[in-house]
Amino acid sequence: MRKKWLGLAAAGTSVAMLLSACGGGGGNGEGGGDYSVDNSAISSIVDQSKEQGGTLKLAHSDQFDSLDPGNTYYAANWDFTRLYARTLVTYPQKPGDKGQEPIPDLATDLGEVSDDGLTWTYTLKKGLKFQDGSKITSEDVKYAIARSNFAPEVLNKGPNYFFQLLDAGDYKGPYKDDNLDNFTGVTTPDDRTIKFHLKKPFAEFDYLAAMPQTSPVPADADTGTQYQTNVVSTGPYKFESEWTPGQTLTLVRNEHYDPSTDPLTRNRPDKIQVQWKQEENDRDKRLINGDLHVDVAGLGVEASARQDILRNEDLRANADNPQTGFLLYFAINPNVEPFDKKACREAVLYGADKTAMQGAWGGTIAGDIATNMLPPSIKGYKPIDPYGTKGQKGSKKKVEAALKECGMPDGFSTNISYRSDRDKEKKTAEALQQALQQYGIKTDLKGYPAGTYTSEQAGSPEFVHREELGIIAYGWGADWPSGYGFLSQIMHGDSIKPAGNSNLSELDDPEVNKLLDESVQTEDPAARAEIYAEVNQLAMESATFLPYLNQKALLYRPEELSNVYFSEAYKMYDYSALGLEQ
Amino acid sequence: MIRYIFRRLAAGVVLLLVVTMVVFAIFFLVPRLAGIDSDGLAARYIGKSPSPEAIAAVKERLNLDEPITVQYWEFVSGLVMGQEYDSGTDIIHCDAPCFGYSFKTNTEVWPQLLERLPVTGSLAIGAAVIWLVAGVSIGVLSALRRGSLLDRAAMMTALAGVSLPIFFTGLVSLALLSYYWPIFPPGGSYTDFTENPLAWAHGLVLPWVTLAFLYAAMYARLTRAGMLDTMGEDFIRTARAKGLPERTVVTKHGLRAALTPIITIFGLDFGLMLGGAVLTESTFSLPGLGKFAVDAIRGSDLPVVLGVTMFTAVFVVIANLVVDVLYAWVDPRVRVGA
Amino acid sequence: MTAPLDVPGAAEEAQPEAVAQTGGTRDRGRSLGQIAWMRLRKDKVAMTGGAFVVLMALVALFAPLIVSLLGHPPNQWNREMIDPALGTPMGPMGGMSGEHLFGVEPVTGRDIFSRIVYGARISMLIGFLATLVSVVIGTFMGIIAGYFGGWVDALISRLMDIFLAFPLLLFAMALVGVLPDAAFGLQDNALRIAILVFIIGFFNWPYIGRIIRGQTLSLREREFVEASRSLGASNFYILRKELLPNLVAPILVYSTLLIPTNILFEAALSFLGVGVEPPTATWGGMLSEAVDYYDSAPNFMLAPGLAIFLTVLAFNLFGDGLRDALDPRTQS
Amino acid sequence: MTDPVVSVSDLRITFPTLEGRITAVNGISFDVPAGGAVGIVGESGSGKSATSLALMGLHRGTNAEVTGDITVVGKNLATATDGQVRNMRGNDIAMVFQDPMSSLHPQYTIGNQLIEAYKVHRPEASSADARKRAVESLDRVGIPNAAKRINSYPHEFSGGMRQRALIAMGLMCDPTVLLADEITTALDVTVQAQILDLLDDLRSDLGMSLILVSHDLAVVAGSVDEVLVMQNGDIVERGDVRRVLSSPEHPYTKSLLAAVPRVDVSRAQRRAQVRAERTQSAPRGLSAQAKKALKAKAARQAAAVEDESAQQRTGATAKPEKSAESAEQPLLSVRNARMRFKVRGGLLGRASDFYAVDDVSFDLHQGETLGIVGESGSGKSTLSRMITRLLTPTSGQIVFEGRDITRLPEYKLRPLRRDIQMIFQNPYSSLNPRVTIGDSIGAGLRVQGESNTKEIQRKVQELLERVGLEASHYNRFPHAFSGGQRQRIAIARALILRPKLVICDEPVSALDVSTQDQVLRLLDELQDDFDLTYIFVAHDLAVVRQVSDRVAVMRKGEVVELNDSDTVYEAPQHDYTRELLAAAPVLDPVEAKKHRAQRAELRRQSTAA
């Protein structure tokens, strides 16, 4: 999954949950029963303790895209790298809303912006050392930015916001141009000062500084794509030995780490182990019986374990069911007939049975029904529902009216694309197909491999037009917890790309574009939130988005874990805080 | 004999070459014929949202814009002589045999194949022992007691065995023996032999039995048919006429002749299995070669798929070779005949 | 998965005196086919298998009719049958009732009976067509290799070795994976089915090919071929009129035994997620979805599993019976 | 008189089949005296093999039902335990089987199999002793260089050597009785003679009793004292071999004896006899019309016989009525024909040349019969396939009716195929089991362009009747016919195109003696009726003599002697011909003994030289 989200406002969560529980209908129907889970790690830190020691055991059903902090785009990985790669800025170890407010980590303070908004300055703390005891300098941060954003021929897995924002001319990256002085996007007046020079103001720069890409990398230790096998630690743990991808990763204490420089307490266990490619059902079983402490991917347990947990009161007491900040939706492409007519798009919006789609993802535990394009945790969220129907099951009357208006009273045919290797998305597409069918809207399902979905099929407008993919299944999470971080990639006209496109609705509304551009130049967070609300409203009115689910995960925390809480910044347990009860 | 081995070896090389052609065709030629351009093809080798720069780099690395013959040549020479990849700071030498380089995980495929081989090997060897012992002995008993209750029961079971999809048997056995009665560990548990031999065996019991059931059924049928044929041969009558005890007649004379053709089949099966018991490993989530390939296909990590496919083919070729030699050793007639 | 099947002596000589004596007057004037049919009819097990095969073929053929009479459309969701929190069917036995004979699927509430019935279509279609491909290629190559011998034989034999050495399942998965959604003028499920048929059929032909080659080799040595040639018959005439009639029996037997193998193969591919596209029901696909629910909805796993098992078993029973009936060695 | 070593009384053996129980042996009794030799003779299905298996107790564990008493060297097989029977096998009574290739385990060395036979009964013997004994035994049966050959595998031996090895295996434990079941059937005549001589030597040297089972009266004639003639499970005649052969009592024995082709009977005598018999009894199952035609023919033939016997007195042998024409162009002319095959082998697997037919030349005239006789591997079958152009000669010429057909391409050859036809050896493999006999016979017409189905059917049915079958058989499949009938069908197929030249490649060697006789008679009749020219290929000297005007003797691809048949048989020119004739089994036991002495002499000479 394209899990690239960070942070959101927790305040909205409970409200949204309530709302969708009512609006979602179907909820606690006849066979429902009481399956409510504990949820205490969402709002508080469970089992607080200062104890140290033990081995923290983590497992992943697949593997991280990379352990290189400069080459990764997974929230779980961003959460996890904080154990060995400290960044200029980070998020505090606090549950709820406060957990997504950036705080300085390597830097002494949050970024200092110049008056024109074009220069952001950070200063490193004193006494910071790499795992070999050598001093961390501003140059190392600059190098890290250069390699992670300006050398896509080598490292291309992470986001490239710095590349887009920094005023760096045509710098070719450190692998082609090893003179770092030519990289003018970042300057280092002294050993501790880092200045970022922007092309245009960007008010949310501190969120970027919290990305693992700002974790310093010593240039002489960089081995390009192979750096992930031996990352030079700046955090409390370091690699025990050179790591081979796929093999168990063991982190041990880094003796050159100085906790006094760290705003967080992230050194509780003695040792941390991560196993990869662990079969999901087995992973869940081990989680429940305590052989394993955390599912590091943070996506929650699978269907089988879900039933075990929900049916067992004792297990429910150790479970949380938070929203993941991930919004699931269908993009309706206005450049594919008959969706060039708004009324035809509306027919789909009115016809969708969102309870069925919720069911496809696994029911009420799997998510709350979404009615608009902002997740509830993002500031600026309002519970608007322009295309709401009774019980969210669709409205025959409204669909028929819309069909008549678009000149196709008997319905029409189109295609729904989805990622074939994602069972739930596949099921959802089938659910939509089922719902639309009764109104005469005939759809063919087109599955594509997730691996090429964004690059070749759904993410290629040319392909979408040619194959007439009218309705495209997708999901989105924010790269950082703000409206811009969430919305810009999926609805700004500038983000339409010939390949790797994520604006699947091909929305290019001047009004939306303008508002989004404005937002990042607005210093006041409250004003920004207003703008996001407005963008959301406009996007919904375009009738090119069919949001249906704010995804939730069923997380299980074994008894042995201490200091467990759900981080709103990463949308999973904060791995840096975890300890073990001895 | 040496000449014979040499000839089979040469045949094995040819076989491998053809395998490379087919693999190459599947991964490079067929997609092109089906209308995918070189950019699209390159993108497949990178995975999630590839950048144009990365596509260009991969295109160059795989020679995707060269004529098809050049591409093939590079492909084969890469396998045989190794390849080089630019890590940014260094040149990574993927030494021969280079079974590819995953752009997705930035790792060489070869060490990963080696790493998974023990799992698949454990599965294959254990299962093979079970199925050979069970299949052959049941087959022999059935043949000797042809028409008896035992024969009929065994053959009905065998027929059921070859008709049961392995993934179904596996799932049912997991559901019963691991879930309802937690006698065996659940799917996905694999302990290395060197770590704890007991846990190793305990964890593999279900996969072994599941896999062995199918093959034992097949081999029981084959052995029975072979034994029936053999026991009707004139030389069996000769052996009896010599006054040999029935046991010697069956084991020394009957079994040896009946088992000889089974060697070939076994070699082929075993070779294929070493390349990954895809279904069993998937059903029990064993981290072996087969599961590796399935995961790679799901994750669109084509170099890995390609690597496993080639690797498997190598095993089959080796197994063929071993079988040929073994066959010549067991059956003196082959040496002259071939 | 597949092992070379043992070759029956379809071209074997009927033991001369045994026929003359025991064949007696009863068989006189009957063709070997008629004798085989008489023997087959006496084999109750094989006939039961055959009857089941026919039944499944009819089910596949009349799936829409059966479903309209007995069940719900295979792709229709019945959300009211599903517990919204757990995603599993409500009611005992996975929602089994007079309404839903085999219960309903978790999550979607689709009628399992209907999906089994429709799944039969895919299994039978691919099983048959793939076998047809194998048989056509295998017979052609086998007969050519066996009859002409020499370098033609050497070439084809090596080719068969090579094909047998291929990790078929991996190749099939890879090939399904690398092909786009539309290619060679086909689209979607038509393309998928065509690819599956092609792969399964194309990679399985050597099993038939080997048998046909072996039979042809031994037939070619029989004097009636020389006799035919000395009468002035062309190669084509000999292949068609002299050899082919003798190969019908093995072709028939091995086709019957290859179909279940191919059905299993299709199920395996669907199980691994590279089969026909959803929501089209396939047995293997259902089974793979049932993995997560084996404890809460065992019927979801058992129904397709048993469907595959029984169909394959029926084919095997029938094939075995057919082989015995056509095999002159099992005369007494 | 001592007790018999083998005593059988009221032996009855039945087998269950789909059609009910079949009785293979129907209450027979006989004794074999110590040191005596008994021959059991009968055609296939007579129950002789079932009897010999019963003597070994080899029916135990099968579904055959055996009643009656068998006593072998004092042990009653009916009451003996399995262990006792096992102990008896190979130790008291050893059996040597028919097909030496399939009777030896292909995957063990000869030595291994011999030693095993010894050690099972002498477990106390050391391996070295057993091995020594095996070498001795192989040496005893005449395997040269036995110490070395002991390590060979069966496939490395020739057929004769394999048979010797099998006998050697039987001798390992000095059995009291040696039971030899059809042991010479698969062998060439010279080898057969050697094996029979060996048995005779062994018997006199070791004092064994011998039971010799064979379908061939001539085989047993020189080797046994007493003979039992079996028919349909019964012993129809028994007695001293000389008595039975010289004055048989039972009609079956008589007919059997009459049917045996005799190497000392010339073609002219045979013809005269045959024609005389034909006029007396018109074949059954023929239409009145056909019978009438036959009568007329018989009259002509009778005249011819007289004619012939007249000529015989003058001493002329080749068909004299054609003598005028023989100066003319021959029907077939073979000149310096050679056929080369590449043989892979040797240390480096190089292909070496092997001439299957080497420089053969002869002429053949219209109406004549040329016999080609030779042992297996002599190239006679290759030669006949060259003439029919199923093979293309490597060099030399085949001229048919003045036209060189050596290298005619297949399409030009096709119309010519009408004129040259072939009758094959094995009636079971020469008929397509999946094609009705009507279609098989009619195929010739069809491939030659006839498309009128009715016409084809009519011609085929006519011919069916002519070869002694019924028109209504048209739609039956070959499996419904016996061997002799099938050979008639094969003959009909060859004749449907009305060929000029028919090559008969061992047409009767797969048939029982009596059937063989019938088929030979038919061929003879047809030659007259259709004015055929035959090339008759066979390994059996006697058969060849009966049908041939001239005979060519082949050996290793070469024709060593070619002459009119009486000359070849009565005054052979070549040593090899003489050797063959000496090896040919004869019915008269006295004569047979004489031949044996002659062979011993020949061998002694050759070893001395």
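So that you can tell them apart, the chains are marked A, B, C and D in the order they are listed, and the count of residues begins at 1 in each.
Definition applied: contacts are C-beta pairs under 8 Å (C-beta built on N, C-alpha and C of every residue); 3 or more make two chains touch, one makes a residue touch a chain.
All values derive from a computational prediction rather than experimental measurement.
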item	value
Chains touching both chain A and chain C, listed by label	B
Averaged-CA centre spacing for the pair chain D and chain A, given as whole angstrom	90
Gap in Å, rounded to a whole number, between the CA centres of chain D and chain C	47
Gap in Å, rounded to a whole number, between the CA centres of chain B and chain A	40
Distance from chain D to chain B - Cα centre to Cα centre, in angstrom	52
Multi-chain contact sites of chain B, meaning residues that touch two or more partners	44, 298, 300
Sequence positions of chain C contacting 2 or more other chains	177, 273, 291, 294-295
Residues of chain D touching at least two other chains	none
Category of the chain touch graph - line, ring, star, complete, other	other
Chain C partner contacts - residues on chain D that touch it in the complex	16-19, 22, 44-45, 385, 388, 390, 410, 413-415, 417-418, 420-422, 424-426, 428-436, 440, 443-444, 447-448, 475-477, 479-483, 490, 493-494, 497
Touching residues (chain side chain A, partner chain C) in the complex	26-33, 35, 281, 302-304, 306-307, 310-311, 355-356, 358-360, 362-366, 420-421, 423, 426-427, 430-431, 433-434, 444-449, 457, 467
Residues on chain A engaged by chain B in the complex (per definition of touch)	2, 62-63, 65-66, 73, 147, 151-157, 175, 222-226, 228, 244-247, 277-279, 281-283, 285, 421, 449-452, 454-456, 459, 499-500
Sites on chain B touched by chain C in the complex	11, 14-15, 18-19, 22, 26-27, 30-31, 33-36, 44, 159-160, 162-168, 171-172, 174-175, 179-180, 218, 222, 225-226, 264-265, 268-269, 271-272, 275-276, 278-279, 282, 290, 293-294, 297-298, 300, 302, 305-306, 308-309, 312-313, 316-317, 320
Residue ranges of chain C touching chain A (in the complex, touch as defined)	75-77, 79, 82-88, 90-91, 106-108, 177, 181-182, 188, 273, 277-279, 289, 291-296
